[in-house]
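Order as written gives the chain letters A, B, C and D; numbering starts at 1 within each chain.
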Amino acid sequence: MKGYAFLEKGKIGFVEKPIPTCGKKDAIVKLTAIAACSSDVHSVQMGIAPPNLIMGHEGIGIVTEVGEDVRRIKPGDKVIIPAVTPDWSEKEIQYNMHQHSGGQLKGINLSSYEDGLYAEYARIRYADMNLALLPEGMDLKSAVMVTDMMTTGFHGAELADIEFGDTVVVIGIGPVGLMAIAGSKLRGAGKIFGVGTRPKAVELAKEYGATKIISYKEGDIVEQVMEITDGNGVDRVIIAGGGIDVVNQAVMMVRPGGTVANINMYESMEDIPISCPAWGFGMAHKTIKGGLTPGGRVRMEAMIQLVMAGRVDPSKLVTHEFKGIDKIADAYNLMVEKPKDLIKPIVWLE
Amino acid sequence: MKGYAFLEKGKIGFVEKPIPTCGKKDAIVKLTAIAACSSDVHSVQMGIAPPNLIMGHEGIGIVTEVGEDVRRIKPGDKVIIPAVTPDWSEKEIQYNMHQHSGGQLKGINLSSYEDGLYAEYARIRYADMNLALLPEGMDLKSAVMVTDMMTTGFHGAELADIEFGDTVVVIGIGPVGLMAIAGSKLRGAGKIFGVGTRPKAVELAKEYGATKIISYKEGDIVEQVMEITDGNGVDRVIIAGGGIDVVNQAVMMVRPGGTVANINMYESMEDIPISCPAWGFGMAHKTIKGGLTPGGRVRMEAMIQLVMAGRVDPSKLVTHEFKGIDKIADAYNLMVEKPKDLIKPIVWLE
Amino acid sequence: MKGYAFLEKGKIGFVEKPIPTCGKKDAIVKLTAIAACSSDVHSVQMGIAPPNLIMGHEGIGIVTEVGEDVRRIKPGDKVIIPAVTPDWSEKEIQYNMHQHSGGQLKGINLSSYEDGLYAEYARIRYADMNLALLPEGMDLKSAVMVTDMMTTGFHGAELADIEFGDTVVVIGIGPVGLMAIAGSKLRGAGKIFGVGTRPKAVELAKEYGATKIISYKEGDIVEQVMEITDGNGVDRVIIAGGGIDVVNQAVMMVRPGGTVANINMYESMEDIPISCPAWGFGMAHKTIKGGLTPGGRVRMEAMIQLVMAGRVDPSKLVTHEFKGIDKIADAYNLMVEKPKDLIKPIVWLE
Amino acid sequence: MKGYAFLEKGKIGFVEKPIPTCGKKDAIVKLTAIAACSSDVHSVQMGIAPPNLIMGHEGIGIVTEVGEDVRRIKPGDKVIIPAVTPDWSEKEIQYNMHQHSGGQLKGINLSSYEDGLYAEYARIRYADMNLALLPEGMDLKSAVMVTDMMTTGFHGAELADIEFGDTVVVIGIGPVGLMAIAGSKLRGAGKIFGVGTRPKAVELAKEYGATKIISYKEGDIVEQVMEITDGNGVDRVIIAGGGIDVVNQAVMMVRPGGTVANINMYESMEDIPISCPAWGFGMAHKTIKGGLTPGGRVRMEAMIQLVMAGRVDPSKLVTHEFKGIDKIADAYNLMVEKPKDLIKPIVWLE
């Protein structure tokens, strides 16, 4: 089969590989749609994936084969594949940290340790625990978007400890930040300030619930937030984009007792600086959190419920569509080039 | 001044009283709008209020006088008065239970222990801590509705521990239940089942976020819920109406590990029955909670933020309007008679 | 092999069965020590177990065989078997309710749905996830006590939301109640009132951390608690014994905003009554919780850490010891007769 | 009256001031015992206090006068004064952040904004809400120690989200770190590793519950912790001492999903560095918290309950005693010089 794989630092391309074999607890899924993700771009540019590893971890498909221990999923099932597909037999499961099952970040297996979804077929481990059934009538673009963008953005809102009426800043309004805005609204935020500039993103930020847009181009964002809030700062900050300095900006603009929730992956080996006075010299109860989205079946079902109930429409994130496996390269390149009107590209594989 | 007061068990009527005098931390508020509340009806019918006590605890007005210790509120301020106006100098404040400051339920002072808001003027204790400023441009019906209906319904959603995508049942779709539906949506619920029958309430329940309506008239509600959920039960139940038997229904329809959140005041001296098998013989992790809404300034500001950001429009609850203090009797009588098209009546006092 | 099994309602006796066969994820454990538990007595007297089911769910042993999928546990390992041995491949795992994996209370498999530990050998499902290694040097009586008594009592303390300095009542000072006292101390309780009368239990209650003993024989326990606390009530109540009426007593003696945590299994098909006024007519924020102890490997390891660090010594619970599988009948009978000096009997099987 | 006051950067000395006048909500307390605190040393050395401000915020005394609004406290009462004495009429009270009532860190008023306790008399604002009664029979050294050392150390344990059996590292075993050890034990920690070297501190660390001592002198502490834990890291880290680099060490040694709780005041205007890879590139769910201890009456009562129930004996922290107000200089100098056998000095004032 064909796959689009990491070749060497900075290089990605098509490879030919056998269709994966199915282990006892696995399912083989024929992919029907995938989305390109900027985290693949980072992996490729940093050269951190194993050579020849097929990239991609956002997709849906049809099950073609299941292992002998699989009880719930069966061939022919249309399924949604979460970006995070943990090993459900490790001790971290028992303290509710499946994202790190088997070790830090080990829950995100596809495109990190095993062949991912930029391919005709993929093997999904722990099929019963990881695959969610695609409900009849669900919009397929939304189905692809829940696997990573929506669940990640919504995890930002969860981490942020939002209470009814809170003022929330979402830094970065790419696809994850847009979903963090939608998620904040659905956790009860009052005012939501989106930080970003691209017109398409700004438009969607407002549709998803932002009450105000703050632009880097109009001055320091911390100063802007402090001015708008009469010097009080905001209750919660979700970081969904930016370099390592953004953490400090978040700490500066959050009030004592507030929360900074990070869902942004920093590709850096350096130190993240936290201003000692802004952090109240250690005494301000400004909590700093950050983590990988939950995955697995039940998480996907929760996201699906929200979409099916009409609480959020993640399909609006899809600004570009392609057809055919060869077009994965085009979709990927869009994520590299990030044209102004891009939020998220999807590739239909059948 | 004129006030509409509890006279004796089952009897309410207009009384003449002096305008209240202002204590050091108090404000005197000239009322501009009030709403009638069914909890007043209950107090009157059960005869539990002190004789001659002016009823009413949902209202807005203009400050005419403040005590010498009041720093923040000043005469001329347009204010929103929370139903719950605690004494902020009791020990319960220090463990975050202001609703019970000074003793169980003592936070709800107006119309329980001191003259309430069915009057031309009212005295509000701890004015700085209890009164919220009415923002310019805020819809006045919404302003009256946040004081009790919205904050109480939203407290139900808070107590229910809702997580993204949860299925929630709201039992009772009077004004509080409708706000519990809106609040559940804004805490991240997926499916929301409203239990009720009146056409106006059903219509609003759907507008506020119910994905399905369950009617008592079509059979046992527990059976209906279990059937819809394939025997799994739901994640959370919010009780916003009904007699003491409704708690048991809630326990029966919630899944192991789920939560029953009660915001319904039971006027009963009897025992609430909880089925031992339905509660898993004590072992099912079905948590039962219940409590009075938070009040005070910061809570009102949180509700105001939600309204001003367009997250919810509680003004839709107002189905009947009157003008003039004499019409409080009409509004009150509506709450007694509960005509089919009634959700909530408001009386404009100027 | 020999086992001590439920025969028919009210009857228990020895049976001969083949040594269980080992499934792919299972381990076969040769038991070296077991404890008799009053919940077995209840099962037998109520006749709710399947006929011929071997009873018992507290024990330690040596692994003799493991299934082909078992990676961590190996023959020869000395292991601690938790009372709760869930199926780790159900959806409830993903929302952190392993006690109810596969359905309400389904996590407690041994002696409920499958042959238990009153036997020479037992099959433990999901061996990697459920079995904890017995550390070198660990007292063996403590090892048996952690499997159910300690973890259950400590779960009561967890459910009770104890904060530093809280006053806690523990109703019932049998082995579980004694561990609830020890657990409350180790969650930060200040005053702990143990409710009970038997001299041995009273002595141990004080050793484990009770600051006062309240006796049913000296009057109504609610009145006694209210008098001691100047009418304020206590912060938390843990129920570790009693009939269905004890829940109401707990609700009556807890303060507004407090928690009632139930770890007592009620063998009743009736309704548990909750006094409406004591529960604040639904408004008092008195939270009522109850649930089966967590199980599995990580939970056992947590309990083991506490014992090995000297935080608690559960071996003191063991008041009676027997040797040889035939003596399981004697140990069981002690749990039926409950002599005054009994807390917990253990049977050494080698 | 005499007081020991900040004079200019680096300089402290005795001053003569009038006995403070009593405001409406205040109490005047004649001090009977105080303790010297290293945070005073920092304030003096950094020159951040207003000139002539009397230092000190750990003490007990006798009430000599109360304001007209004070209802609960009366002259003659023996009282414990919390280090944190908030203004209970600010909005932060309503979201449960009294430490920051009126602004970041504004809850710690004594010796920061108003004259402190190194004096014959002190004015305590919000006397009813801030002063706790000294119980009869309470050890007086313990009474002084609860005001800051114990409540601060215990707050570290609270912030750390400790669950039963967790392994906890406490970095720094001065008086606050020792109380963090005791607090961790009383929140349910299993293994506790104390990081420090001074023999007296090491001895007390073990008495208070440390199961192991790690010394900076024997190599990098992160490496030591990772080696002891087989590379897994620990569940929780409490920082109770060190410079800004210690935060990073804590992040490095905590496991994914773990918590770093800071109760150490950093006197630095620089950036605290957090290693991006150690923090899982933002994805590891390593939560970083930090905050000032709660104060006020109810908090003090909670600490008192723990002492009176025998859960902890903070009096062991007192290694040096003096008598007479003139000796405050000696006590203070000890905190500057930190001799090897010093944990905490106390000065008896009558």
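Annotations
We adopt the following convention: a residue touches a chain if its C-beta (ideal position, glycine included) is under 8 Å from a C-beta of that chain, and two chains touch if they have at least 3 such contacts.
Going by UniProt, the chains are A, B, C, D = Threonine dehydrogenase-like Zn-dependent dehydrogenase.
Predicted, not measured: the structure shown is a model, and the values here were computed from it.
Of all chains in the assembly, those touching subunit A and also subunit B are C, D.
For the pair subunit B and subunit D, chains touching both partners: A, C. Each of C-D and A-D has its own count of C-beta contacts, and the greater count is at A-D.
Note on chain placement: the centre of subunit A and the centre of subunit D lie 41 Å apart, centres being C-alpha means. Shared interface positions of subunit B, i.e. residues touching 2 or more other chains, are given as 95-96, 163. Residue ranges on subunit C touching subunit A, taken from their complex, read 24, 69, 71, 88-89, 91, 93-96, 98, 128-129, 296-299. Note for the complex: subunit A touches subunit D at residues 92, 95-97, 99-100, 103-105, 239, 244, 247-248, 256-257, 262-277, 279-292. Within the complex, the subunit A residues that touch subunit B are 154, 158, 163-167, 183, 185-192, 211, 301-306, 308-311.
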